[in-house]
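What follows is a set of structures for review.
Two complexes, one shared chain (chain A), two partners (chain B, chain C).
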Partner chain A sequence: MSAGTVPSRGAAVAARRGSERAAALRTAARPLLFLAPALLLYGGFLVLPTLGSIPLALFDWSGAGPIRHFVGFDNFSAVLRDRQFRDAALHNAWLFAGLFVFTNVVSLGLAILLDRRYRLRDVYRAIVFLPYVLSTIAIGFVWQLLLSPNIGLLNPALEAVGLDGLTHAWLAEPGTALWVLIAAFAWQWNALATVTFLAGLQNVPRELREAARIDGARGWRVLKDVTVPALAPAFTTVNVLLVIFAFRAFELAYVITGPVGAPGGSTLLMGVSIYANAFPTSGGYSSATNVSYAMAQGVTLSIVLGLVALAMLVLLTRRERRVR
Partner chain B sequence: MTRLEELRVSRRQALQSVGGALLAGGLVSGLAACGGGDGGSSSTTVTAWFNRPENRRAMEDLLAAFKRDHPDIAVDVAYKPTAEYPAVLKTALVGGAGPDAIVTNGANGIWGDTGADGGYILPLDGRLDLSALQPSVQRAITYRGHVYGAPVSTFRVGVYYQRELFDKHGLSEPTSWDELLATSRALSDAGDVAAWAMPAQDMILPFFFYHLAVNSILGDDSVAALTSGRRKLTDPDLVRAAQLMIDASKTFAEGYQAVAYAEGKALFAQGRAAMIVGGSSDYAGYTEINPQLDAGFFGFPSPDGSQAPTVLNGLSMAYTVNKKASDRDATATFVTWLTSRAAQQVVLDQLGLPSIDGLAPSGSDTRSAMLRTILGVDASPSWLDFPTTGGTIVAVQRAPQLFTGKLTAEQFAAQVQRAIVVAPA
Partner chain C sequence: MSVEVLAEPDARVRARAAFRRRERLRSLRGQAPLVLACLLVLAPCWFLALGAFKSVSEFFESPFGLPRSWSVHNFTDAWEQAGLTTAFRNSVVITAASVFLSTACAALASFAIARLRFRGATVVQLALVAGLVLPTQLIVIAAFVEMRWLGLLGTILPVILFYGVSGIPIGVLFLVGFFRAIPDALTEAAAIDGAGTWRQFRDVVLPLARAPIMTVAILNSVWIWNDFFVPLVFANQESLQTVPLAILNFYGANTTDYGLVFAGVVMSAIPVVAVYVAMTRQFIGGVMAGGVKG
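Right after this comes the complex of A and B.
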């Protein structure tokens, strides 16, 4: 074709299709471009190490020195037989149950209160969100200082207001220690849950609630039949994140109740158990660790956690669709 | 050779000469720079880690003394926090980033997986004068027929007590288990303070209490008897050691199971608990918290008082040579120097108990007096010094249910017994 001639119809269509395809590709690639930095970090620091830990779990490796003995699935079967780890899993389940109730009652209630219009509302919002931005280790020390049987501030405060009967060795009694730990986690978790619910509430059209009121519905009814159903996506997000938060919990428990889950292992969580097997926690008196076993614990936890989170996601998404 | 070729050769030679001169000059100036600018004298730098930043002054004094003896070797010390040290060291060794001279917290750094078992350290055979070392120390640094570590300090663990409180209640150092329990109950019943500060959050002090009770029966023979299979922790008389701890736990400070070690230490130092299981280097920490502390020290009594009270004796700190040390010879020179008499006197005066015999604290302060008292008590070897019994501390950590009633003394003893590697003769 010489310069200046009109291109044939077929060629024009092909050229248009080509440019459309390129545009479609650009459109498809754009989100990937924005996601790339996060995906790289996620892949490099989470996915790859997790995948890398699977083969290590098949050996008997202490964590230092040469990797020698292949043991197949022995570590996995030992994890399933490990009574302490099963107890720890049960503690995590209690943590989840406690936080589930707390989140869907207290955090939701707080979000509703913070959604109203009144003076200093933004200050209250900032206060509620504060625990999320504070260092977890610092939070742990604060809880320990509050509840320590010897130097804690809570018991003297109770005594000072005449509530001597309520004083307890909170962290030292198996009957209270786990609940105290759940309370500490709830205090920290509440920040994210409340803010997520609050964001969800702000997406609920005000007209919907006003229309319900015009139809004669009052407070509880509006909340139950209008606000809560409209919050379905927020419920999904919060509760799926909660499963992950509750079953991966580690730092706060490690700081407050130590490497053995004091008292007597009654607050031991799976994350702490994994850490205690992977890193020396005997104050330097023993460097003995069993990293392969810790890897097997971690992989088992990841699989169970993945399945539970997936099941919750499916259930809650279905519920979301029904509500819509 | 033509004139042109001659010219070419001479030009090449000239260029080679210039290049050689430049290279040599560069090397010389580079080496001078490595010498630290001290006039070009040849010297080498050894990197070392030290895991007790609170004893920095003692380390600096040791380094100054070493520099006087070996001006050609510079030691660059990095101070690492005590609590995180085992994890930091392990990670560094796995990543190939450890120091030339590795400090160990106890003997497990010699035979454990950060030591010889992991293949990270070099033997020091022939570099140490073993005859100068205490026999227990010799055993602790020898593994599979090789000497792997230079011992710096040793520990002795027994019971510290508040002298004033004992006097106030007319009590004296107990000489049998019955007396120990009676003393504990008397203090507890008096109600002004707890009988024992027993921070059990990480189960380390309960381990030492239990270990003391077992050694008060088995004495010097403890490790040999257990590892040969002649004795088991499940033997009825040894199960009593676990039962003693359960019985004594009724007099431990309130909430002891949730108390962290630092808090327990402070409770004792401030006079809020009358007794604590403690090591020879802990005294400095108590007096730092309370300079007015009037403490005594006694060895753990035997069950019926028929044997002398005992303290546990073990290796507290040693240095090993990293296989990847840049200058192995200089590193070995530094670590072995730490066992010299001059270095060991600095250790005794500032750091802990020495690893060689025949030294006495040179000061007349309360710490020196306390060390003399501690050195005067009969000692039996610590399980922590040996790979066959070293795992018992982790086993005790995994059995905190002893204090909640979910484990009986027999079950506890059986659990700890499983951590002992028995190799019958």
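Right after this comes the complex of A and C.
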């Protein structure tokens, strides 16, 4: 009798334990099921290629045919010695420096003005943000034509006010090309920077500023002592985004000055150089590729970008804490 | 006594008038730079839109004046010569498919991170968002090698997959916060009524998060529609071209006929600008929300 009940009770317990375990397993698996599509895509087409490019950079592979010669860190030392790539890095640094000043003066100023109450405020906002939705191709073509010596806007305008001496073939002279390219980047970048500052300003209590003004602080003092300190988190966001924007820059430069950074490489950016080494470019330029070398360049760029972004983040977060 | 009583309101009125005058001056002084900034943004757009109606000789005569005629033959010629029928079809398919893919993946993953308790949720979230800082130039080369190995080149799949992945970080960044803000009581009530996790996601969380999901979809659509780098790498044959790439190639072949190129550029911008004009608030609000969080 008892012999009959014991096993059956044992079986029931085991069955219950089993179903409990199955339920626990199902509960544990549930997050995985929801995460699976994202993790599969992400792992397969983002993490894998990123990790895969490091070993490929250690070979001597042109991009076609078998991967044969292991060359160790030769590509990396070649990248560091590459005069052209170092110049490109310098151009990226100038782009960053120019945009840094522009962002923290012009974009910030526009954001502060756009935060006030005007009847046309929403119209101003919509127009200032417009470049964000325009394609880089559109922006690139228009800038190219505006700066061209025969059609342009800049030269006729200078002539009209009698400054004929200041006219240039802006995009064809090595001395001016990089700066007008940076101006085009600023035109495109300003939209995002201004709106991000504007978002930060919405978190600065209006009463704080009004109180300061009632206490007799003039506009400049309010700006310096109330608005700017309260904007600290927005400064961090904008400037870290700017590091990424300036060092990853590719599209606008590619459209305006092409794959070689015309004239004569004086506007070549790191991103463009990597692309030109990895893929055959049309239009009569060299079609020899060196994928391993491009990957070494890309890894170098990632390291530089990571370090600069990290330094910026640490610096600005520390400042944020000090300001508060 | 009576003089004082009379003088006080008078002084107050005068002070208030002076204050109002100062405020109006401040308003004008503030609006002047804004007007200038708007002009600097609009001038190139004006140049582009009018240029699309001009012939080559008109470009040289009056680059900023009104065109002599408002004929649309630049548009029809550009449409035909740049192969925009195929390009628009590709762009629509690619944008729709990759935005759906990335939004769906991001929504599912964000739901797990925000509402299903499991160890390592924060790590997964950080890993998915970290993709924002990886340089596309590096990934795209290895991804190209991978796609070739998978035999996917020559189709639009590599472009869709690459955009789909690229849209995930921004989606997770946005949606986790919104999903967390939904009160637990709602999903618990659904659970008592017998709804499983999937039903809670589909019938409770998704409908409540419609606005942020729209924002993510809009932000991803805009850059995917405008981007030419990814198709430049993966879709280097005419039948796979997207609109921006078709125009870039068309420009390469027609460097002198600016009117035609501008007409092509204007046509490619119309869908995005139309959506932007219709939904300006959502656009700016969405980017602002992203800026506060990022």
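As a working rule, the second predicted complex is superposed on the first by the 255 of 324 C-alpha atoms of A that agree within 3 Å, B and C clash if a C-alpha of one lies under 4 Å from a C-alpha of the other, contacts with A are read in each partner's own complex, and residues count from 1 in each chain.
The criterion applied here is as follows: a residue touches a chain if its C-beta (ideal position, glycine included) is under 8 Å from a C-beta of that chain, and two chains touch if they have at least 3 such contacts.
Treat the numbers as computed from the prediction; the structure is a model and nothing was measured.
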{"item": "Partner chain in contact with A:I244 - chain B first, chain C second, else both or neither", "value": "second"}
{"item": "Contacts of A:P66 with chain B and chain C, given as first, second, both or neither", "value": "first"}
{"item": "First (chain B), second (chain C), both or neither touched by A:P229", "value": "neither"}
{"item": "Which of chain B and chain C A:P259 touches, first, second, both or neither", "value": "first"}
{"item": "Chain A residues touched by each partner, larger count belonging to chain B or chain C", "value": "C"}
{"item": "Partner chain(s) touched by A:Q84 [first = chain B, second = chain C, both, neither]", "value": "first"}
{"item": "First (chain B), second (chain C), both or neither touched by A:I137", "value": "second"}
{"item": "Chain B versus chain C as contact partner of A:Q202, first or second or both or neither", "value": "second"}
{"item": "First, second, both or neither for A:A172, with chain B first and chain C second", "value": "first"}
{"item": "Touched partner set for A:G52, first chain B, second chain C, both or neither", "value": "second"}
{"item": "Chain A residues contacted in one complex by chain B, in the other by chain C", "value": "150-151, 279, 282-283"}
{"item": "Interfacial residue positions of chain A with respect to chain B in the complex", "value": "62-66, 84, 144, 148-151, 169, 171-172, 174, 177, 257-266, 276, 279-289"}
{"item": "Complex contacts: residues of chain B adjacent to chain A", "value": "51, 82-83, 85-87, 89-90, 93-94, 105-106, 108-109, 112-114, 117-120, 200-204, 207, 253-261, 263, 267, 272, 384, 390-391, 393-394, 397-398, 400-404, 406"}
{"item": "Residue numbers on chain C that touch chain A, as the complex places them", "value": "26-27, 30-31, 33-35, 37-38, 40-45, 47-48, 51, 59-60, 63-64, 101, 104-106, 108-109, 111-113, 116, 118, 121, 124, 127-128, 131-146, 161-162, 164-166, 168, 172, 197, 201, 222, 225-229, 233, 244, 247-248, 251-252, 258, 261-262, 265, 268-269, 272-273, 276-277, 280-281, 283-284, 287-289, 291-292, 294"}
{"item": "Parts of chain A lying in touch with chain C, wherever the complex brings them together", "value": "28, 30-32, 34-35, 37-39, 41-42, 45-46, 48-50, 52-53, 56, 109-110, 113-114, 116, 118, 120, 122, 124-139, 141-143, 145-146, 150-153, 156, 187, 192, 195-196, 198-200, 202-203, 219, 234, 237-238, 241, 244, 247-248, 250-251, 254-255, 271, 274-275, 278-279, 282-283, 291, 294-295, 298-299, 301-302, 305-306, 309"}
